[in-house]
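This report refers to the structure that appears directly beneath it.
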Amino acid sequence: MTGRAAPLRAAFYQALGEAWAGGAGVLLPAGFFAGAATLVPITFGPETAILAAAAPAVLWIALALASLVTMERLFQADLEDGALDLWAIGETPLSQIALVKTFAHWIVSGLPLMILAPFLGLILGIEASYWPRAAVSYGLGGLAFFFWGGFGASLAAGVRRGGLLIALIALPFYVPTAIFGALTVTSTVAMPPEAYLLAASTLFALAVAPFGMGAALRLGVG
Amino acid sequence: MTGHSLIETSGLGAMRGDRVLFTNKSLTVDTGEICLLRGANGSGKTTLLRLLAGLIPIEAGKLNVNGAVHWLGHADGLKPHETPRRHLMHWARAWGSDVDIDAVLVRYGLVLAADVPATGLSAGQRRRSAFGRFALEDRPVWLLDEPFSALDDDGQTLIAEQISAHCARGGAVVASVHGVSPLQPDREITL
Amino acid sequence: MISYLANPYRFMAFSRYAVPICFAAAGLMIAFSVWQGLWVVPPERVQGDSARILFVHVPSAILTSASYSAMAMASFIWFVWRHELADIAAKCIAPLGAIYTALCLASGSIWGKPTWGTWWQWDDARMVSSLMMLFLFLGYMALRAAMDTRQKAARAGAILAMVGIINVPLIRFSVDWFTSLHQGPSLLRVDGPSMSAEYLTPLLVGIAGHALLFSALVFLSMRTEILERRAARARAAVLAGV
Amino acid sequence: MTGRAAPLRAAFYQALGEAWAGGAGVLLPAGFFAGAATLVPITFGPETAILAAAAPAVLWIALALASLVTMERLFQADLEDGALDLWAIGETPLSQIALVKTFAHWIVSGLPLMILAPFLGLILGIEASYWPRAAVSYGLGGLAFFFWGGFGASLAAGVRRGGLLIALIALPFYVPTAIFGALTVTSTVAMPPEAYLLAASTLFALAVAPFGMGAALRLGVG
Amino acid sequence: MTGHSLIETSGLGAMRGDRVLFTNKSLTVDTGEICLLRGANGSGKTTLLRLLAGLIPIEAGKLNVNGAVHWLGHADGLKPHETPRRHLMHWARAWGSDVDIDAVLVRYGLVLAADVPATGLSAGQRRRSAFGRFALEDRPVWLLDEPFSALDDDGQTLIAEQISAHCARGGAVVASVHGVSPLQPDREITL
């Protein structure tokens, strides 16, 4: 009855609920969306060419920050309220728990941004043919961002100056994804080689970051 | 009760920062036994329990725990917005337990508070919810850090009974306590 | 060799002699390459005299990746076998690696100004990934400093260092994967170096000299760290009343 | 000996220490700075005209987010760890404590962004004559952002879906400041009328938000 | 001891959510008196204490507290990265107290833990730090929510002594407790 998947499913649902209850989940995409959609046109003035060129960059930054901010509190809260101890007692590796939780948070905070991207594109006057590729790039890139953000957050959980540390630790890992992602979105061909590199960097994050998180959380409870 | 040991340690030691908390602690807890940890504040009871639970890596000595562990720490493990019912449902799901949650809520006196989020619960109600986890799955080793704190007299009796019943079933209990306790310990260790 | 030296006492005995020898050899080799680079080698065909910064840039650039790899390897050894010396090595490599990375960035920027007309180009993958290497070193040091116990510092640092190793191939292959200002490899190529011998020899000597200097500095700070840990342990023993 | 200023001074120092130790303080300016400085040019590509045009907008968004994120946990943490009870017991009005704490957090997280703005401008290739006016605008606008963010945070402390609430509550207050701020920065005249409006909106925030925060915190402890 | 009352309430009532916790509670605590609150988990002891402290607005009844209040809740009030020393220094500064912090740390047995951040402190050490605040300023009314929880035997004796001394000086104490307590109460109220 237990099965190996049961704890993961439970962790997933709990994290979904948490992300939603904590509110930071939908806050950030919504806030970024509203903020970017209102502020960008105001500061850029009416030149739509610049607007359209700037929008993808603004979205990438929003995505990166959203992930950092969402993940910052995630593991620290688990550490403080004792929930992490309960996971650590069990047999399921912490790396898998961390993976599932991160994924749940991406669904709540990262995925909406990906879905909203076309609307933002519409407002900012980006050509419609760009949208599908852009949305997929934001999805993949966001996933990588959340995993690296989670890695930084798990290392910094329960530590003085945790926030600064997370930023410092996560930033180097964000950069390749951001480079490939931006190149994919702004490329003029339909399926640029950077798209594969973006996918590869996301896969790498998915493969490596959970183990890092698991080890870091083990350290945190100790 | 065959009396084989569920917990065996020898020469355990622990440091925190530069401070040596204890060295060379050996303890054995057999099935059916209750071991109480006593000691002044900051003497290392919590640290020893966390070592036994495998939460802290062992730096000195040997440790052998034969069986799954139920853990009750100073922190109750409830998320801020979790209600007692959701908390128990969550861990029942995680552990694949099909125990009747409502029955557990009744047994632990949480009926009125079953749907109050943790931020609204009283300290004792939070503690009772944490104890509710122990009813979800049968695990031989119970590690309890000040199990009676925040509990009223009924609650203390209830938990003491649960602990005795657990030992009667062949389980082992290690608990840290201060002052008088309603438990009849088989062993006592002072840190 | 590594497992032989994993014993701190053997390491202390070995490094007592290795440090001065490395320093001396490094001094001679670096002096040779600087002398060759500044006074002997003819100005470069296209870039003129500015190319002489090559003799700083390339050794520091190579040591950037090499030192990070060494730190990651030491972290791995500590993580798997718990040789304390490996942790000490990783800890001591970090600040020196950061210095060499900063040197690589500075010399690259200085070289870039006359050659490419810009100090810095953000969409150049090699420059950006080198900067990220600096952040990794700084993050590693900050993480260790933030931990309240030495064991935690060691474990957290090791986790970060091992995961961060991806940046090494990224730096290396960034010039192949992207169109960038930075030139492709001319030294470490499958078909051998593509550089004239009058540049190559002093450059190789300089690289070796910087590597020796780096080792000497690492050994020296490792010795200090070992002595400090011994002192801390003695203090803890006194406290514990042993 | 006590004096009315002593508790405020103590609260100020504690908040400074907290902001610094929590890391969210320097994290955000530093992280945003590093993040924006790296990601913006990467994602915009080498066209510096776009870069220069987009930078002010990106900075405004960064500032808004920095304030939201810093303030989100501030009062919630005070509520959870019992520190707010201790302030509420005392005679000093909670509104003054909140004011001082918010100001301390602005100093740690908002002021650096203002100071870093010229550097960011340098990197992003914005004309030097813009910097002083931009820096002052970021300073004023940031102050208003932090106070409105604090207002939202105090209302949301200890409430389900706090994050979402903060966003919903604070965003409407952010908009005027952001618009006037953005217009001030991008205006072509030296002292545009928008600058006065920006100053007025900041004054309004300073005058009104502390009372809102005090009342909301009173509600939170109850 | 003139015996005038420091706390006077009449007809106090409290609701939480839809639940009525208690109604029509009247209590009077005179100078030099100790009043203990007893009752099951979730019966409203914490709520009543918070009412007395002015932390919860009064919805029914009357309340009069004549004098400044020292508060000790379930939560200790330490920030995560605060050390006991910094915690006491902070509140000494806030209250304009010039008490010698080192002496307080010694009295409360916090010498070894004085510079350990709260996340590393043991539960009892955190509680002792919170009690240290009481030594910073003399205030007539002490409101204590389970003051003995997490304290070791020495700590309990110490706090009981402090409470007696405070009453002897003419203070008043209202404390919630479970089970046996080392205090000799003048009044007891069961919720």
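Each chain gets a letter, A, B, C, D and E, in the order it is written, and its residues are counted from 1.
In this text, a contact is a pair of C-beta atoms (placed from the backbone, for glycine too) under 8 Å apart; a residue touches a chain by one contact, two chains touch by 3 or more.
Treat the numbers as computed from the prediction; the structure is a model and nothing was measured.
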* To do: Please find the two chains that have the most C-beta pairs touching each other.
  => A-D
* Structure fact -> At the largest C-alpha centroid distance from chain B we find chain C
* Which chain has its C-alpha centroid at the greatest distance from the C-alpha centroid of chain E? -> C
* Per-chain C-alpha centres versus the global one: which chain is nearest? -> A
* To do: Calculate how many whole Å lie between the centre of chain A and the centre of chain C, each centre taken as the average of the chain's C-alpha atoms.
  => 32
* Structure fact -> When centres are defined as mean Cα positions, the distance from chain B to chain D in whole Å is 44
* List the centre-to-centre spacing of chain B and chain E in whole Å, with centres computed as mean CA coordinates. => 28
* In whole angstrom, what separates the CA-based centres of chain C and chain D? -> 40
* Structure fact -> For chain B, residue numbers touching 2 or more other chains are 16-17, 19, 57, 74, 80-81
* To do: Pull out every residue in chain A that's touching 2 or more other chains.
  => 21-22, 80, 156, 160-162, 164-165, 168, 171, 175, 179, 222
* To do: Hunt down the residues of chain C that sit against at least two other chains at once, touch-wise.
  => 123, 128, 135, 148
* Structure fact -> Within the complex, chain A is touched by chain B residues 50, 53-57, 69-71, 73-81, 86, 90-91, 93-96, 98, 133
* **chain C partner contacts - residues on chain A that touch it in the complex** => 151, 155-156, 159-162, 164-165, 168-169, 171-173, 175-176, 179, 197, 204, 208-209, 212, 215-216, 219, 222
* Structure fact -> Touching chain B in the complex, chain C uses residues 148-149, 151, 232, 235-236, 239-240, 242
* For chain B, which residues count as touching chain E in their complex? -> 16-17, 19, 39-43, 45-46, 74, 109, 112-113, 116, 120-125, 127-128, 146, 148-156, 178-180
* Which part of chain B faces chain C closely enough to touch in the complex? -> 15-20, 23, 57, 59
